[in-house]
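One chain, subunit A, appears in both complexes that follow, with subunit B as partner in the first and subunit C in the second.
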Partner chain A sequence: MKKYLILQKNIQDKMREKATTLYLGPQHPGITGNMMVRLKVEGDTIVKATTEVGYLHRAFEKLQEKRNWLQSFTLLCRFCVPEPDPVEESYARAVELLEGREVPERAKYIRVLMLELARLGSYMLWYGGQNGSLGLYTMGQWSVGDRNYILDLFEELTGGRIYHMYIWPGGVRRDFPEGFEDKVLRTMDYLEKRVKDYDDLMFDNAIFQKRTQGVGIIPKEKAVEWGVVGPVLRGCGIRSDIRIDDPYEVYDKLDFEVPTAEGGDIWARALVRRQEVRQSIKIIRQVIEKIPSGDYYNPIPNPQKWTLPKGDAYARTEAVRGEVGIFIASDGGTKPRRVHFRGAAYVHGITLLENLLVGENVADVSAIMNSLGTCPPEIER
Partner chain B sequence: MSFFDLKGTVKPLTALKQFGKKPHTISYPKESKEAADRYRGFHYNDIEECIGCGNCSTICQNAAIDMIHIEGVEGKKGDSGLRPRIDHGRCCWCALCVEVCPTGSLSLTKDYLYVSDDPDSFLWTPGVDNPEGKDKISFYTTNEISLNDFKRIPMPELEGMERVKSFAEVVLGYNEEQARAEASRCISCGLCTEACPEHMHIPEYINAIATGNDADAVRIIYDNNPLPEMCGKVCTRRCEDVCAIAVRGEPIAIRWLKRYATETALTSEITREIVNPEIKEANGKSVGIIGAGPSGLTAGYYLALRGYDVTIYEANAKAGGATMYGIPKYRFPIDSLDKQIEYIQSIGVKIHFNTKVGKDISFKEIYDKFDVVFMGVGFPDAWSLGVDGEDAKGSMQAFRFLHMVNSGEKVDIGDKVVVVGGGNVAIDAARVSRRLGAEVTILYRRRVEDMPADWEEIEGAEDEGVHIVPQGIPIKVHKDEKGHVKSVEYLKAEMVPDERGGRPKPVAIEGSNTIIEATSVMAAIGQMGDYSFLGKEFEDKIKIERGRFVVNDKQQTTDPKVFAGGDAVNRTADAISAIADGFKACKAIDEMLSKDKN
Partner chain C sequence: MDELKTKIIERIKANFQDATENNSFNYNRLDFNVNKTTVPSILFYLKDEMGFKHLSHITCVDWLEEGELELIFIVWSPVDKIKVFVRTRLDRENPVMDNIDMIWRQAHTYEREFREMFGIQFTGLEAPQDFLLEDWDGPPPMRRDFHTEEYASETFFERPGREDAGDVREEIIKRSGEEIPDFAKKYSR
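Showing the complex of A and B:
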């Protein structure tokens, strides 16, 4: 017995000395996009994590300098495929701010509808990703299937399922097609029923609870300092939401709550998202009820000769992953002088992730990444 | 939490109730989904409607659209003959090409499935390679949602009844803000450049105006047109007829923008400073030009820049030819060309005014004196009606009448004027008569929409109270006992379609005789040349056919030393064609004389 203990101690010592390096990504189902995390592990425990980006650099910001103000807008949806609309929204509002362009009231409501539908669609994907990273694949099949009904709405309204290219400076591109409001309400009824099934399968699931509670904890006192935003910050018990703090479009005319949860772990973040899905449905119902008739678009001039006054503007939008801000600078020409983009993933995907992974189990890396909602193209723009 | 969590273990099992339910997405047997009514799928292009302006190609931020020649589509005025070809490997289906299409011919369809292992097969010409797409159009543009600006900035003008009180200029000109806004509507397709006889660099100077570089605009204009003031006021603007925006909206006011640009250069010195032309050293060759009309001035200006010694002989006291004397002063004020003539003279062009060739100086003298002669003599005479009683007092040629009024002579027209014709001269004569206090009727044998006159001119005449009688063919001018015009008798006409496919012909209806009272009758049915100045010797040498000089494609007459241009050569008979002739002749003369040198 004594011999065995000595042997065990020897092995443990040797293991400790022999830290192994693991490479997670750039192609890996547990990674939320094309980026890599280099993990130094001792046994199952991570001692150091280094994020490596650069696999997805598409030079969006530079490309926009070569395109006129309108052409730039078609690039934006590619910043984050699961939820492109907040980026379009930020850009449109920044351009409107710089130019002083009025947006019709109806367009504002349609934009809110788009943003909330996008939020729902994105959360549906998150359900799949978060549970998939824990081995609970049924959830993903359900939620991605239900997301299709939202994509159908997008297709009806914008003509595209994933890349909508719909919110543009001055308003939105097209008005509601006939009978669209009813379709939205029917879809909301259906989703409301489904989120109860999700609760049964996911939130009441002992495995899900045990795998998420106490994992990937962000200390509340550090969260703001680290630059954490969005649902991740609200999962630390801090009530912060641009829709309330700096209302845009018609959010100040709508009644909704900003859910928070204490704990700062994956579980808390999941609880926040669980509530937000319900809030989004509530917002969408209000939009359909309150939307005024009228213009949906304040036409921009001929895009080839459309110039914006000299100056700069910044607009930010609350996306699923957090704050999405766009800074534009104009030299008075037909093209942006500079477009700078700042998404939540820049913080969540690099510095925060490196901090959170230390001390965690290798098996939890994917779960933690998914709970942060990283979108690598947003980092590498 | 205990190790065994009963609720957490049992609750997920409720998922079992989903067994046997119809799945969301996969359907057996596999059926393809019908796309939404607004789906952005593969492109479709209506080849007939498309004019090949290339705006789709310009807006495409992926460079997925090429403009290519396709079989069966030929270029013509207002159609480049090119059609878009889309690389579906690059396309991102943003549909901006659809939103900016000025004709609305381009749209997206519900088709979205195409599989091939041949990368080249993803390049296709919408409308040609997928004719079936016509029935599946889903994402299209309308006038309301188009990104093109179809509404023209209205030109400030004098009020209709205010105008007839004087010969003050009707058009007031754009101010800076209006000009920028109007110029910003242009999509720079260049169809106008092709349609302009002189091929002016229209998109370039409009772009300069849009971006606030008026001096650049003037410089670009002077590159091949030394008389922009003239064109800016009275050009027949073929460019606007073919404007891509005009397919569904009002064309860009190209003429007024040119006018705006020239107005920014206030004097001839400023013009010279802005244009800053490169004048070559004198080469010892000389060119004589007859007529200081648009073609003569153009040839003179560009030849002088190339180092030739240029002398122009002009019969009238002012330069400008038919534009100066044939166009009323409310459209083309008497001092309009002063600045430009001064500028042209400053380059070194010598102009002898009040010197009529054939009277004050013989053609032979000019012919012998210069290395090359250019004739821009125009059409000084007019056709008569050829009806009974035309010799009555008060019956006159509209063109002569305009010439007299413009020269400051007093003309007695009485209080009731009938103008016969439907061209710009007829409208001009009518509007001038209105200003002289007469009631005016225009008699035209076809319909109003067939009138060759400018639509703006016709509208202007109507605003000023000119009465237009379409489909009326004059047959007799009645005289009173003093031999003065008393009335005009005409027959009503009906339009008979032309069997050969031409425009419908007016045919008189027997017994529909109608009489209009009149104190004057003006014939405005066309002008003709007067070539008596040539003299016997040259009448044989220089061939004239159907009233016009015969020239080759270099504006050279049958006498190689003599070139000609303007109304006396081309059938279009407008200022810009004359300018084009002058420019062409200048190049040919330069080519010929510089060859001699070597």
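Showing the complex of A and C:
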């Protein structure tokens, strides 16, 4: 028995030598924000991954319970910095659902324009992040530079480049400035030319292909069950998009495709996003063409006295990272009883990431995280 | 859509006697109220038998005045394009609920958060205690009777010199007896 115990201890010691714990984050250039992934590695292969969060909690949801229905907007846009508009739109729509407030048709079109511009802007950042995680830095300099043209449009329309607080219950805050439509179309023409350059630099690059193909594979049959959403799900060959499946605003009146790709790896997800950029440009052109004239806002009462009926509502939006949703509950007062935010990263960044990383190489962690769109502020609100 | 909704209601009511429905929504949403013991089985049934494969959201609302916590599970059917809300109420004093992470793995994260933020105990949940909070000994912070400002003023001390909205530089001069440098004078109020 004693010999057996000694033998067991020797084996354990050897195992211990083999496995090393690596802490990726919370401050690491390869991580997508303020979170940490604790990796147990043997050689350079990951045997266990654990996501650690808690570095970023700002109690937004608690704070919103102390504010009136309108004051929440200054907090909502900060849930995820690269793409704040879907969160604003979800909240505004949830409030409208609960109250039964009508939104003018023009405002719906303007909202779609905002959402698609935000999608493009966010994809420009993704181009940089995904390539940067593989050591290809030129792409990020190009795309983040081009993103500024979209931010210029935001600035002209809303007054803010990153945070807009432009979509609010009943419509949007202001109408298009003079000549804005032409500027949008010119920017779209420019971006359409640029995405061809992006293809040459990124998708025709042998390094990018080799580093992304067959890495971070999500099995197609498990994807929906695991809570995979957005471009990541479409990268598994499943056609799923809230804009089509559960249409909101005026997406059912617009003509666009939902691109999918087979494989479930980083490469497939990148192919989906590549096509989605083109689809967004197509949608924006249609919005400019079809937008009706008329009101852009159905005024709300005095916000300090504005009460919503007792009940709850849940509105979902298709964002770049996937499904974004806002649940609100009202007790009939001037302030929310509860606001709860649902982001794609809540699933992608924890249970999915922990699952996917097992068996992968340490060098690929950052690329996998970028391809899943993990955004830590969505996990800790 | 209405036909589909009626069919779903009939199937659920035939299998779960305690389920009461609310079909007042004029869009693709259905609501069911159930006892907390029925939750795992109804969710399992919705997922495996009725195609509600996607767990869209789980949320918790504190109804302080009624002494209850409400747990709401929102599931989505990619085939029928309908979302179903499954609601249950827990006693606020002793909120205990069955763990459902064997149905959807991602429910694990929600459960960890609700354990910490609302104090709900999920039986069978195997996870480390700390999720978002570290070394927390106060009451569950997302409950309505937790007052953030009160907790902060009781737990943390005010930095000396910041009791009023006075100029911090003047306070430093007062305490240290040092002169304010010339270059900083023009910024002083």
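What we mean here is this: the second predicted complex is superposed on the first by the 364 of 381 C-alpha atoms of A that agree within 3 Å, B and C clash if a C-alpha of one lies under 4 Å from a C-alpha of the other, contacts with A are read in each partner's own complex, and residues count from 1 in each chain.
Definition applied: a contact is a pair of C-beta atoms (placed from the backbone, for glycine too) under 8 Å apart; a residue touches a chain by one contact, two chains touch by 3 or more.
A quick note: this is a predicted structure, and the numbers were derived from the prediction, not measured.
**Q** Classify the contacts of A:V81 with the two partner chains as first (subunit B alone), second (subunit C alone), both, or neither.
**A** neither
**Q** Report for A:R342: first if it touches subunit B alone, second if subunit C alone, otherwise both or neither.
**A** Second partner only.
**Q** A:L185 contacts which: subunit B (first), subunit C (second), both, neither?
**A** In the superposition, A:L185 contacts neither subunit B nor subunit C.
**Q** Can A:A19 be said to touch subunit B (first), subunit C (second), both, or neither?
**A** Neither partner.
**Q** Who wins on subunit A residues touched, subunit B or subunit C?
**A** Greater contact footprint in residues on subunit A: B.
**Q** May I ask you to decide whether A:G54 touches subunit B, subunit C, both, or neither, giving the answer as first, second, both or neither?
**A** second
**Q** Is A:V41 in contact with subunit B, with subunit C, with both, or with neither (first, second, both, neither)?
**A** After superposing on A, A:V41 lies clear of both subunit B and subunit C.
**Q** Touching A:V258 in the superposition: subunit B (first), subunit C (second), both, neither?
**A** Neither partner.
**Q** Can you list the residues on subunit C that touch subunit A in the complex?
**A** That would be residues 28-29, 53-57, 59-63, 72, 74, 76, 78, 81, 83, 85, 104-106, 108-109, 130-134, 141-142, 144, 148 of subunit C.
**Q** Given the complex with subunit B, which residues does subunit A contribute to the contact?
**A** Touching subunit B: residues 67, 70-72, 74-75, 138, 142, 145-146, 148-149, 152, 155-160, 163, 165, 173-174, 177, 197, 200-202, 204-207, 209-210, 297, 299-307 of subunit A.
**Q** What does subunit A use to touch subunit C in their complex?
**A** Interface residues on the subunit A side: 53-54, 57, 59, 61-63, 65, 224-227, 229, 240, 245-246, 312, 314, 316, 323, 325, 327, 329, 337-338, 340, 342, 346-347, 350-352, 355, 380.
**Q** In their complex, what parts of subunit B are in touch with subunit A?
**A** Listed in rising order, the residues are 1, 5, 7-9, 11-12, 14-15, 18, 23-25, 35-40, 55, 58-59, 61, 92-96, 99-100, 108, 138-139, 145, 147-149, 183-188, 207, 210-211.
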